[in-house]
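Look for chain A in each of the two complexes below; its partner is chain B in the first and chain C in the second.
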Partner chain A sequence: MTPELINILNSVVANATPLVIAGLGETITERAGITNLSLDGSLALAAMFGFVATLVTGNPLAGLLIAMLVGALVALIIAVGDITLRQDQVAIGFVLTLLCADLAQFLGQDYTGSRSTPMPVVKIPGLSDVPVVGQIFFSHQAIVYFSYFLIFAVWFWLFHTRGGLAHRAIGERPAAAFARGTPVNRLRYLYTVLGGALVGLAGASYSMAIKPGWSNPPVMRGDGWIALAIVIFGGWHPFRVVLGAYLFAALRALASAIQRSPDIQIPLVLLNGLPWILMITTLVLVSSGAIERLTRILPRPVQRWTRSFLRSDPPAALGTRFEPD
Partner chain B sequence: MKSRTVLQISFFILPIIVSLAITAVLIVAVGSDPREVFEAVWQGAFRNSNAFAGVVNFWIPLVLCSMGLIITFTAGLWNIGVEGQMVMGAIFASWAARTLVLPPPVLVGVEIGLAMLGGALWAGLVGLLKTRLGVHEIFGGVALNSLANVAAIYLIAGPWQPPEGGSAQATAPFPADSLLPPVSAEFPVNLLAVVIVFIAIAAVIIALRGTRWGLELRATGKNPRSALLLGVPTTRSAVSALMVCGMLAGIGGAYRVLFTYSSLRPFVSGGIGFLGLLVVLLVAVKALWVPFVSLLFAVILAGSTRLRVALQLDQSLAGVVQGMLVLLVLLANGLRQRFMERDSRRPEAETRDYPLITRPDTEAENV
Partner chain C sequence: MDLELKHIHKRFGHVHANDDISLMVRGGSIVGVLGENGAGKSTLMKIVSGFQCADSGEIWVDGRRTSYRGPQAAIASGIGMLQQDPLDVPAFTVIENFVYGQPGGLLLGRRTAHERLSRLCQRFGFELNPDAPIAQLSIGQRQQLEIMRLLALGVKTLILDEPTTGISAEQKSMLFQALRELAKQDGMSVLLVSHKLEDVISLCDEVVVLRAGKVVGVLPMPATAKQIVSLMFGQELASQAQAPVALGEPKIRLENATLRGKRVTVENFNLDIRAGEVVGLAGLEGSGQELIIRACVGLTKLARGRVLVDGKEKTGKPYRDFLGCGVAFGAAGRLEEGLIGGLTLTEHVALTENTGQMLNWGEARQHTEAKLKHYNVRGLPESPVEALSGGNQQRLLMALLPRQPVLLALEQPTRGLDVDSAQWIWKQLLARRESGTAILFTSPELDELVAYSDRILVVYAGLVYEITDVGSTTIDELGRLIGGQFIVAAD
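This part shows the complex of A and B:
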């Protein structure tokens, strides 16, 4: 592998990190039956707060903490609105999308255009010396390593613990879970807020690590929607969600590489449309009708595997309210 | 009974006061004075007839979008794509204004007709993605919004640039004959557009209350499965609701290019489509309230353009006030319902929100 390609792949991993963290956060929330639609706004608001808090206190940890708090708070509003006040979670999420984006721009106006030094790159001794793999995956900022940890933590939690079983149950069959003594709505609060905190962390990972600084419009504009689509593409499974995030970042890198190459003349603006075409295409693909038709072209042994891999069934109770009595 | 009325009124006023109070705190937080901000916004909207014309010029596309959204919300659809439908309308109208040579009244008619077509096509695409390909209208809408903006920016910076070179900020101004004329220099507003707005309001209300189509939309919005079982063509209602909304949004987009800017600009919709969604959420899909709430939002929007000049404040404050108000009204609604059910019976049947994925194989759930 050429050093150039390794460099590109290394930056793909870095650039995918916010999407990985936000996608996992949203997976946690949606697995509990609630949709946090506010991502496109809350990412920006958390990014702004994290950046400014770091700048003011000089302590990146304070920035990360504030950003997570902001993300959790936005999610809490959705939980209160949906669970306790019985309002449409999509409506509240959408209003928060717009409100948070405007709040970020308004409150961050004095910092627009500021940059800061990114978090330092930490090479993991031993692992980073492994040729190719070490260079791609193990010479990054700390937050990237945290995202690796998060992938396995979420997977292990959801599929290999009792708590994870209850977590999935309240998103699939809340009535049954309730009958077995699971406090459905209390857990929904918990996972919505927890997922929101991760969304906040994802926001901070833009403004403090991957693209340090605060600008208008913010660098992550649109990524919140991408993250929401990645969760669907990922079939609410942490591994596939992460795969989606990496694939997306890779295709973005490919697009910008095409744009830089002198042989292919595609106007830059048209490449900006690529993520959105990609988003629609993948969503069409995971909706079962399209897959059925597509898989029929493939050789028979691959068919079943492809179908089960591309299937994307939402948690059965996603978006529904649960009233205990 | 009396305490109930008091409760109703306080739940109406509470969110307004709280959202204004929070906004005031935020203004203080960025080091400004809320009274000065209020003064600047007031001046921005009402200091003279020219300023108020600015309000009306926001109001016109905002009401058009909101009335369209009344239709889609009635059919149970989240038409977030309304922004892109506006942009598409603007692009189609711009094409006519740049290309066609016709007598002025005919040309304006063709421009508006094409804008409606553009908006309807873009909305139809959202409907097609939803009903045939199982992509939820929120995602289809968000993606098509961005794609419409990409198309506009491409045209401005590419094919529609004058041969001697232009800017990426706007196309060259359209010929005078293709534009909508202002009433007067002191009150630059287009009369035809105001008339269209009132026709649109009346038409939407009549269509929803007095036609079979409106009945089908309401049935689809209330319960798509039973509607389908009762013989309502739910797929067709959903797509037609989106397309009619797209037509109205398209006219709104045309107004932006044929009057407000006299040229096509990037992000020509200026967030008015999203604002329309907020309006309709705020009025809880009651059509008669739309023009009034739209006027309030247009005042805030037009007034806040003065914040930068007068106080060096970012005009995103307008979005903060509007968003805060809608959020608190929604939350206060929930609070009120909780209070009400204490002294009355059980709450209404459980409402089901729309999960963000739909499946084409189960017809009834498509809508």
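This part shows the complex of A and C:
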């Protein structure tokens, strides 16, 4: 592999990280039956708060915490509105998207154009020295390593713990969860807020790590919608969500590489549309049953795994309210 | 485990769903709880299993008074319920459903759960693939899983709500075998809620009959079907109320129709309803009568066979085609299918009147007022339909039906109405038949079926028995037939 290609792949991993974290956060929330639609706004608001807090306190940890708090608070508004006040979560989420985006620009106007030093790149002894793989995956800022950890943590939680069963059950059939003694609405609060905190962290990872600074319009504009789309593309499965995030970042890198190259003439619009076309094609393939038929050839222990990996149905109770008798 | 209920009361608004119910289930016995729809069976079972709270009354377990809130707490007291539609998570696998709700650490412990499940499966001869998704299981298999899950939780009293609806004969005999074994060997108490006489007769040691929220009798088994039925439905006799009308041409015809529902299949069914004829469909909910009535109006597609309206082939045609031929349908779910929540009464009337693209609100309002007055609907033209009481919604639904349809297909046309309004509705309906409308209706009220039908079709588990001589049919007989006695007789 040429050093140039390795460099590009390294930056793909870095650039995908906010999408990975936001996508996983939204996966956690939606698996519990609630849609946090506010991503595009809350990412920006958390990014701004995280950046400014770091600038003011000089402590990046404070910045990360503030960003997570902002993300959690926005999510809390959705949870209160939906669960306690019985209002439409989609409507609340949509309004919050617009509100948070504008609020971020308004509150952050004094800092527009500011930059800061990015978080340092941390090498992991041993792993970072592996040729190619080490250079692509283990030569990053700490937040990228955290996203690796998060991927496996979410997957393990959802599919290998009792708590994960209850988590999925409240998003699939809350009545059955209630019958088994699971406090449905309390857990929905918890996972909405937790998912929101991760969205906040994703916002901070733009402004403090990947593209340090604050600008107008913010660099992450539009990425919230992409994260929401990636969750659907990912079939609410953490691994597939991550795959979608990397795929998207790679296509973006490809698009900008082609754009820079003088030899290839492809209209920009087509390049920008490429990720979406690819996503829709994949979704159609997965839900058509063609792939389901293919998995039947596989040995049985693998089948269970592939089936849950390829499943494309949303959590059955997504967006519905639960009230015990 | 002995379970005793003392003086349970539960009200929903004006309805006294459980009125001073006391009953006793001894460990090792199987008690059947019988009653027609709305007798209060499900309310009582929901209270015992913790899904609802009683307004007053006591629950005693093994001679000690207990109280609990929520199904999980009931299970902790040893009482578990198998719902008619098993309360599992369809997206999970069998083993995940089995594990979910069991106490344990952070991890699932798949291996020990596998062993536990397969031991329980072996004991009762159930076959369940632990890795199969629930969505691929039959209702019978999901029941088996749910029972084993409850057993693993240490349940000592098992409540089963209509467990034999929608499962195969083989699964049913396996289920009954397992229940007998649990009662005799483990000393479990079993409460079986059912409206199928044959199930109760073959399984139970004792039968408790509920009517209108009260315990009307406790019969030790064996008792005859006749004794049970007379307790369930009371003894009053109904009489044919109306003068016969000369019948005309067949208006609706089903030929060798096969209808597939979620739980029942009606096979090779033939039906002819002639102009002026009133046909009643009797049967317990989910027996297949709703498949038949909906096939006649084009809402259920025929898996096989043909449907003809007024002599014209309509097989496979959409509902609006049927409407165009003069078929009118009144659904049982008033706000779900019949009326549109959020629209006013005037808007409903305007919707049913075909007056082109522009609405004439003045005219629509006048018509609405006239209809409300004529049908005695208590409500304002401008109020939203959900503001009406159930009975008034029903009257509005009747008011919206076309004047001279070819076929009137009505699900429970007098649901929620008092006797006077019900009689008045029937006067309206019978007036239409004199001008050649054929009427097909379902009803849970046996005396309504006997009083107004020229013929009654009794549906039980997808099988149909025809009563042509309605005049000499007693409520008693009809009740027995509804409980599936015609199948026993045919054997």
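We take it that the second predicted complex is superposed on the first by the 279 of 325 C-alpha atoms of A that agree within 3 Å, B and C clash if a C-alpha of one lies under 4 Å from a C-alpha of the other, contacts with A are read in each partner's own complex, and residues count from 1 in each chain.
Everything that follows uses one rule, which is that a residue touches a chain if its C-beta (ideal position, glycine included) is under 8 Å from a C-beta of that chain, and two chains touch if they have at least 3 such contacts.
Since the structure is predicted, the reported quantities are computational estimates derived from the model, not experimental observations.
Novice: What is the contact status of A:Leu298 with respect to chain B (first) and chain C (second): first, second, both, or neither?
Specialist: So A:Leu298 meets neither chain B nor chain C here.
Novice: Just to be sure I read the superposition right, which of the two partners does A:Leu96 touch: chain B = first, chain C = second, or both, or neither?
Specialist: First partner only, chain B.
Novice: Chain A residues in contact: does chain B have more, or chain C?
Specialist: Partner touching more chain A residues in the overlay: B.
Novice: Could you look at A:Gly181 and tell me whether it touches chain B, chain C, both or neither (first, second, both, neither)?
Specialist: second
Novice: Pick one for A:Asn272: touches chain B only (first), chain C only (second), both, or neither.
Specialist: first
Novice: Could you look at A:Ile258 and tell me whether it touches chain B, chain C, both or neither (first, second, both, neither)?
Specialist: neither
Novice: In the superposed arrangement, does A:Arg168 touch chain B (first), chain C (second), both or neither?
Specialist: Only chain C; A:Arg168 stays clear of chain B.
Novice: In the overlay, answer first, second, both or neither for which of chain B and chain C A:Gly222 touches.
Specialist: The answer is first: A:Gly222 touches chain B but not chain C.
Novice: With the touch criterion stated at the top, can you tell me which chain A residues are shared between the chain B interface and the chain C interface?
Specialist: Chain A residues touching both partners: none found.
Novice: For the complex, which residues does chain B have touching chain A?
Specialist: 26, 29-30, 78, 80, 129, 133-136, 138-140, 142-144, 146-147, 150-151, 153-154, 157-158, 274, 277-278, 281, 313-314, 316-320, 323-324, 326-327, 330-331, 333-335, 337-338, 347, 350-361
Novice: Considering only the defined contacts, which chain A positions touch chain B in the complex?
Specialist: Answer in residue numbers: 35, 37, 77, 80-81, 84-92, 94-96, 98-99, 101-103, 105-107, 109-110, 222, 225, 228-229, 232, 267, 269-270, 272-273, 275-277, 279-280, 283-284, 286-290, 312, 314, 318-321, 323.
Novice: Help me check something: in the complex, which residues belonging to chain C touch chain A?
Specialist: Of all residues in chain C, those touching chain A are 46, 51-52, 70-73, 75, 87-93, 96, 99-101, 104-108, 131, 133.
Novice: Which positions of chain A touch chain C when the two form their complex?
Specialist: Touching chain C: residues 160-163, 165-166, 168-169, 172-173, 175-182, 300, 303-304, 307, 313, 315-316, 324-325 of chain A.
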